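Beneath this line is the structure, given in structure tokens, with notes to follow.
Chains: A, B, C, D and E, in written order; residue numbering restarts at 1 for each.
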Amino acid sequence: MSGPRGPRPRRVLSRGNVFVYGTLMLVSVYYLLPLWVMVMTSLKGLPEIRMGNIFAPPVEVTFQPWVKAWAEACTGINCDGLSRGFWNSVRILIPSLVLSIAVASVNGYALSSWRFRGSETFFVILIVGAFIPYQVLLYPVVILLRSLGLYGSIWGLVLVHTIFGMPILTLLFRNYFASLPEDLFKAARVDGAGFWGIYLKIILPVSLPIFAVAAIIQVTGIWNDFFFGVVFARPETYPMTVQLNNIVNSVQGVKEYNVNMAATLLTGLLPLAVYFASGKLFMRGITAGAVKV
Amino acid sequence: MALDSGAAHLDAAFVSVRDLTHSFGTVEVLKGLDIEVRNGEFLVLLGPSGCGKSTLLNCIAGLIEITDGQIWIGGRNVTWEEPKDRGIGMVFQSYALYPHMTVHGNLSFGLKNQRMPEDQIAARVVRVARILQIEPLLDRKPGALSGGQRQRVAIGRALVRDADVFLFDEPLSNLDAKLRAELRVELKRLHAGLGNTMIYVTHDQIEAMTLADRIAVMRDGVIQQLATPLELYDRPANLFVAGFVGSPSMSMLDGRIAGGRFHVGGQSLALDGYEGRAPGTLGAAILGLRPEHIAVAPAGVEGLSAVVELCEPMGADKLLWTDVEGRKVSVRVPVETSHPRGSRVTLAPAMGKASLFDAGTEARL
Amino acid sequence: QDGVKLEVMHWWTSGGEAAAVRKLADGINGRTAHSWVDSAIAGGVDIARPVIISRIIGGSPPTAFQFNPGRQALELIEAGLLLDLTDVAKAQRWAEIVNPPSLLEACTVDGRVYCAPVNIHSWNWMWLSGPAYEAAGLAMPADWTGFLNSVPALRKAGITPLAMGGQAWQQAGLFNSGIAIAIAGPEAWLSVMRDRNADVVRGEDYGRAFQAYAEARTLSDGTGVQDWNQATRAVMTGRAAAQFMGDWAQAEFALAGKTAGVDYGCLPGLGLRPYLQTGGDAFFFPKQGNPAVEAAQKEMAALMLSPEVQVSFNSAKRSLPVRGDVDLTTVNECTRQGLDLLAKGRTLPSTVQLISADTNTQLNDLLTEFWNTPSMTAGDVQERYARIIADAR
Amino acid sequence: MAPMIAVALVLFLGGPIWTLLHSFTDSRLLPRLRWVGLDQYERLWASRKWLVSIENLALYGICSLVGTLVLGFVLAALLDRKIRFENTFRTILLYPVALSFIVTGLIWQWLLNPELGIPGVMRGLGWGAFDPLNDPSLVMYGLGVAGLWQGTGLIMCIMLAGLRGIDDNIWNAARVDGVGVVKTYLSIIVPMMRPVFATALVLITSGIVKLYDLVVAMTSGGPGISSEVPAKYVMDAMFGGQNLGQGFAAATMMLVPVVVIVVPWTYLAFGRRKRG
Amino acid sequence: MALDSGAAHLDAAFVSVRDLTHSFGTVEVLKGLDIEVRNGEFLVLLGPSGCGKSTLLNCIAGLIEITDGQIWIGGRNVTWEEPKDRGIGMVFQSYALYPHMTVHGNLSFGLKNQRMPEDQIAARVVRVARILQIEPLLDRKPGALSGGQRQRVAIGRALVRDADVFLFDEPLSNLDAKLRAELRVELKRLHAGLGNTMIYVTHDQIEAMTLADRIAVMRDGVIQQLATPLELYDRPANLFVAGFVGSPSMSMLDGRIAGGRFHVGGQSLALDGYEGRAPGTLGAAILGLRPEHIAVAPAGVEGLSAVVELCEPMGADKLLWTDVEGRKVSVRVPVETSHPRGSRVTLAPAMGKASLFDAGTEARL
């Protein structure tokens, strides 16, 4: 017996592979080019930057910009760089992230699986909410928080993040949940699981990819938020982005591009870590074997 | 035998469906359906594909919101109650296994929800897994199971629980004959032991006949007949039930009744011995004959003359497809006999087992 | 007496600015019982404004905040949200010491003082490139006209005559603070900006100014940068010959180690009519409803105008002090020119002290549109400018 | 939970109404109810900047919507082909989202700079010179390139999550039906992912409508006003110009088409729910 | 009869599976399986749930990558080829319908891909829909269909196409008996007309018997016997096949062969007439008897004495469960007869139809 036998050998340079990896590499270049420039710039001294070639690697590598961005850059009279705001950002991020995802996913779940009166109207309002530039709502939010007695507290900020994250996240969750096999819900109801039981034990575990997406959206949004951070926090609780903004966005005076780049890269590290870690949640065929259709 | 096991608990209606109507959008699937299931009864639902059996089970379970009517379980009107408050266990036609849980997790989920102690749960799961022969699979997820294994997990998920009413939607359809026979016996035994009420959808006539206390035959969302298996088989209430129950199915001869005889084409048969109230004379009528109630008579005996068209081996015996005056009639014959295609035989029906229907109303005479 | 924590909101974040802020903070921390809590937000008034307003509306305002004095704070004052500093001003005789008086006027509404001016920045400087003129083989021109005359030579040498960043405020600044004053004259300018006289805009003087602006438009082709400091760098390296920008541009020259008068030249008011536009920063103090805090706020206001703080602060910030009676320690040639003009009283208020932010935004939009639309004529922009002035409130 | 939802409703329903009301006033620095009728709207529609903003938004919107959806889906599909280093590629495509645009805007300015950046390199290779950010007719495309760079990663992620929800059996059926990979994506997978596309669509369009940071960071609306967008108009009016009324009028005008389109669309696409 | 229809095209192996091994991770499901299917043959795969039938079909279709071995179709080695290049049509056990397409869309999708002209597509779809009785459902989406309706769509999707090989995985399992019988006939007719090769998994023994040219019985990833239905039924190759085929299944009596007689407990039977090469004497052996090959003999006739335990009605006839020396033996008897529980009867097996197995190797003697 001659000829092919057993599993098809995987040719490394098959047409499909060349196309897939080729495209990805190409796109990666487009995506990485700015990163390259940033990293290179952050490793150069100011005089070298002034000379102009943005693509060139540094002639003289210096880590001073990174040190400065992290620990020395001044914000007003406080000269401790981004390190100052880091823990504040973490303290803001965690409750906001947990709460916003919890609220939105439960909303999405309620909207997709349980009938309640006015749910459509609720949904429409949320969607319209997604389109309002949040700055327009600044004063209403301030007034609202003031009347709730939350203005200026970290919980006020958490509430704001939760609310402004709600439209997109609710939509995200709702649409994903709605595409899960309906019989799963039925089986769980027969098995005596209630609203929360179904949500926690069935919906949540089979929707991990979408939770990963939601986490990515929220970590990015909350971590990078600057506007709400300054408006609703106080100087001692300013998030890292206020420092970042102060380092980067000075109107007058000299622009230290290398420090700016280093600061931006430093600020992006945590979301980046989250993106990388979320990989495990993007699992394949998670509902395999559930039903036959 | 069908009536004597489990019959002990029979009393008033335990599950009762009253005037149930359900529509999916504009498609009316259940049309004012009424059915009463006695306590401890094993009721089998039979009916053509798409007649509304699954929909009925879903309505009883409270999984779809009914358009009109009432559902009573155990003397309570549960029409508006949540599924979990109805005391039911269910096997879904599509299995609906929890994809992220192992088989063990799937089986124990319902029990955990009832806050049963861990050791009891473990004991039950093991017992059910043994019955269903899925013990080696307890740590797999549904995605790594074969079709029949999945189906068994689905059954197991219902069986582990103490439900008052079990709703089984074609639970054995994807199992091999041997396993199916074993599980049939197990189910019967469990039912006899626990005395739960069972509503069981199946397409397998043997399953229906052997398991059921009573069988309900449905068609287009309406119950056609609700009777014991024997009665259903021997005395179908109408043409539909007659044609539907029994495999291979009853042969139908359309003719006329006149002078106490049934006339079909140029031939006729005496109606002597027919168990119904067949009128002496009636315009059009239909005579139904089951293959096993027809004998191939030696030449000369009174009967219908027929031509052999096809001979199908069925394992235990053979099925002879014949043509009587242009109508198909099938006859069950022993394997040994040989009737070549095209040969002419005389068929002698046992009139005591035949069924006669009014051609207009299709009701049994 | 217990000290109060004074939260001060400002947008001074870059190196030199931060050093200047430290002088203020040192003043408070060192000379009073109170302590300075720094709340810096970079990005200027457009970013700080919503934050400050939100905090005031939200009922937890900062103790003091930096703001452009003038029309912009009017509404807060009218709404009674800001602390009246009149008694401090009286006690410290601000009316006598603040120079130019327009600074205090900008803080005064209905005769009552609401802010403490701390420094003077002037917008209307033209910076000239030493290397560029050297390369073109010319001496640095003495005024706008001279600059225009040097253009062909510059062009021949491959030098962009006028460096201009891509942002609207830079392009509008050239007209509003530069050409309009220098060509149409301070009187015409004041009657437009202060008195909203649209007829003057439609008049001949302004007509010439718009012509000049249209001419300047052609001079900046090829700059290709957004930020002002990138434009400044072009001047420094000699790729461009001139830039119109505020006195803060000097910081860039200084950092690069350039010497005024040699490596770069400066022409206040385009050299034609050397006037100094005296903008600047001021601090406002929201009402807190707490007498102890209010006392501290007033103490702070007084301290900010004290001679010691003025000198140390403005030296660090490279801006001019608001008091005529103090001397900066070291000054270069360009700063000297500014101080001279100040001493001579050849000063004008800054644009934002006269017109509302709304009008300012509209003018910026119009002028930048003009600057970037070659097909738009001086006549077009003149008429539309006039309409905005006429509608200004 | 319930209070959260109540707050959200109050805000998302009350906010626009509040905005609408104040668009009929002459609020400047502080919101106040001094009515001026339709004055703010008249001024809005007489403003060149506003008209340009709308045109720009339409142009950018169409390019970015199509670009992001297509690129996002294609990338997700590529990542879903059981490739190695999936995690790395995904992170690469996603990292732009993590970086503040204040600085990446600057990088793109550099990259699109005719001397320093890509156009310079291309000119070196003998291509024609171009200067996207300083050419009024190209500037929106310049923004588009950067916008695509920043926005696609997230959409790719959403699509990837959607792809992961598709049963392998569907793929098998298509393979037996003799359908090529591309065709399977187009005629089976994409239609099955309709809800995912709906989510992506809302996310992208809401991002487009709210487009602001990118413009500020890269062009500040320039050259001239040729890259102005409505959200920036609103912000400029509210916070730059201290004219809340004008800003609210513009914001209202932005919301009108949204409401007109979104409300019926939501009812059509999502109104008929599966379960009950 | 099974051999004469479709047998016309039989020639060399059309689908041939050689030494096929497949493992899911560490679970080895197919173990060096060999099978040759002739051109135009209708091959039925039988086997217990989880034995690897679906896996085998998936391997033949090229949907899972095999661990070792070869697949040949139509004389070509297709082991490394894409499913679409193998000329197959398939019905999946789990249907795998395209959820967003209507029934019509599901049926026509494959054809559209082949760029068949619209009118031909329409004609085919209509024809298949008529056969499967899903014409009224053409505009519905799968989500709005009952289980049986979905299954029919899945069949339809395979049938519309001209494939050389059809792989059907339990295609009729969720249909009612009547429809199943009808479709069985239709499938047979289609197969006879087109002459395609069919590999058909089913658990329904009647289906297997009536449809198959040959039946392959599988167990744990290994083919146990590949033979015509009659041979399989009458002369099972080993104990497993004997027990697996036939429903109700063959009764097994374990005993000894000595002196040309089979001894069980204290009783014995003459082996005269046994068709195999039964040795005169052997230690342990097992005698297999099908229920229909045992007659209840009048007292006095030679046979095994038994006690009636249970009597199960099966529609056409009854099944008598009896006890012979502690072993269960089932006997098929006519419905009319009456054998009360506990009564003693004599069973007379037809030795010509019996099967004898070596107790050690379990192979047929």
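Quick note on the criterion: contacts are C-beta pairs under 8 Å (C-beta built on N, C-alpha and C of every residue); 3 or more make two chains touch, one makes a residue touch a chain.
Computed from a predicted model, the values in this text were never measured in an experiment.
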* Structure fact -> Touching chain A and chain B alike are E
* Asked: Any chains in contact with both chain B and chain C?
  -> A
* Asked: Does A-E or A-C have the larger number of C-beta pairs in contact?
  -> A-C
* What is the distance in Å between the mean C-alpha positions of chain D and chain E? -> 59
* Distance from the CA centroid of chain C to that of chain E, rounded to the nearest Å? -> 93
* chain C and chain D: spacing of chain centres that average the CA atoms, whole Å -> 36
* Could you list the positions in chain A whose residues touch two or more of the other chains? => 135, 139, 182, 245, 248-249, 285-288, 292-293
* To do: Please set out, as single numbers or ranges, the residues of chain C touching at least two other chains.
  => 47, 50, 53, 57
* What are the residue numbers in chain D that touch two or more other chains? -> 115, 167, 238-239, 276
* **Pairs of chains found to touch, sorted by chain label** => A-B, A-C, A-D, A-E, B-E, C-D, D-E
* Structure fact -> Residue set of chain D touching chain C in the complex reads 28-30, 47-49, 109, 113-115, 131, 133-134, 136, 218-226, 236-243, 246
* Asked: Tell me, which parts of chain A touch chain C in their complex?
  -> 50, 74-79, 135, 138-139, 142-143, 145-146, 151-152, 230-231, 234-236, 238, 242, 245-255
* Spell out the part of chain D that touches chain E in their complex, as residue ranges. => 167, 169-170, 172-173, 175-180, 183, 187-188, 191-192, 194
* Would you tell me which residues of chain D are touching chain A in their complex? => 1, 4-5, 7-16, 18-19, 31, 71, 74-75, 78-79, 81, 83, 86-87, 89-100, 102-104, 106-108, 110-111, 115-117, 121, 149, 153-154, 157-158, 160-162, 164-165, 167-168, 195-196, 198-199, 202-203, 205-206, 209-210, 212, 231, 234-235, 238-239, 247-248, 251, 254-255, 258-259, 262-263, 266-267, 270-271, 273-276
* Structure fact -> chain A residues touching chain E in their complex are 1-9, 182, 292-293
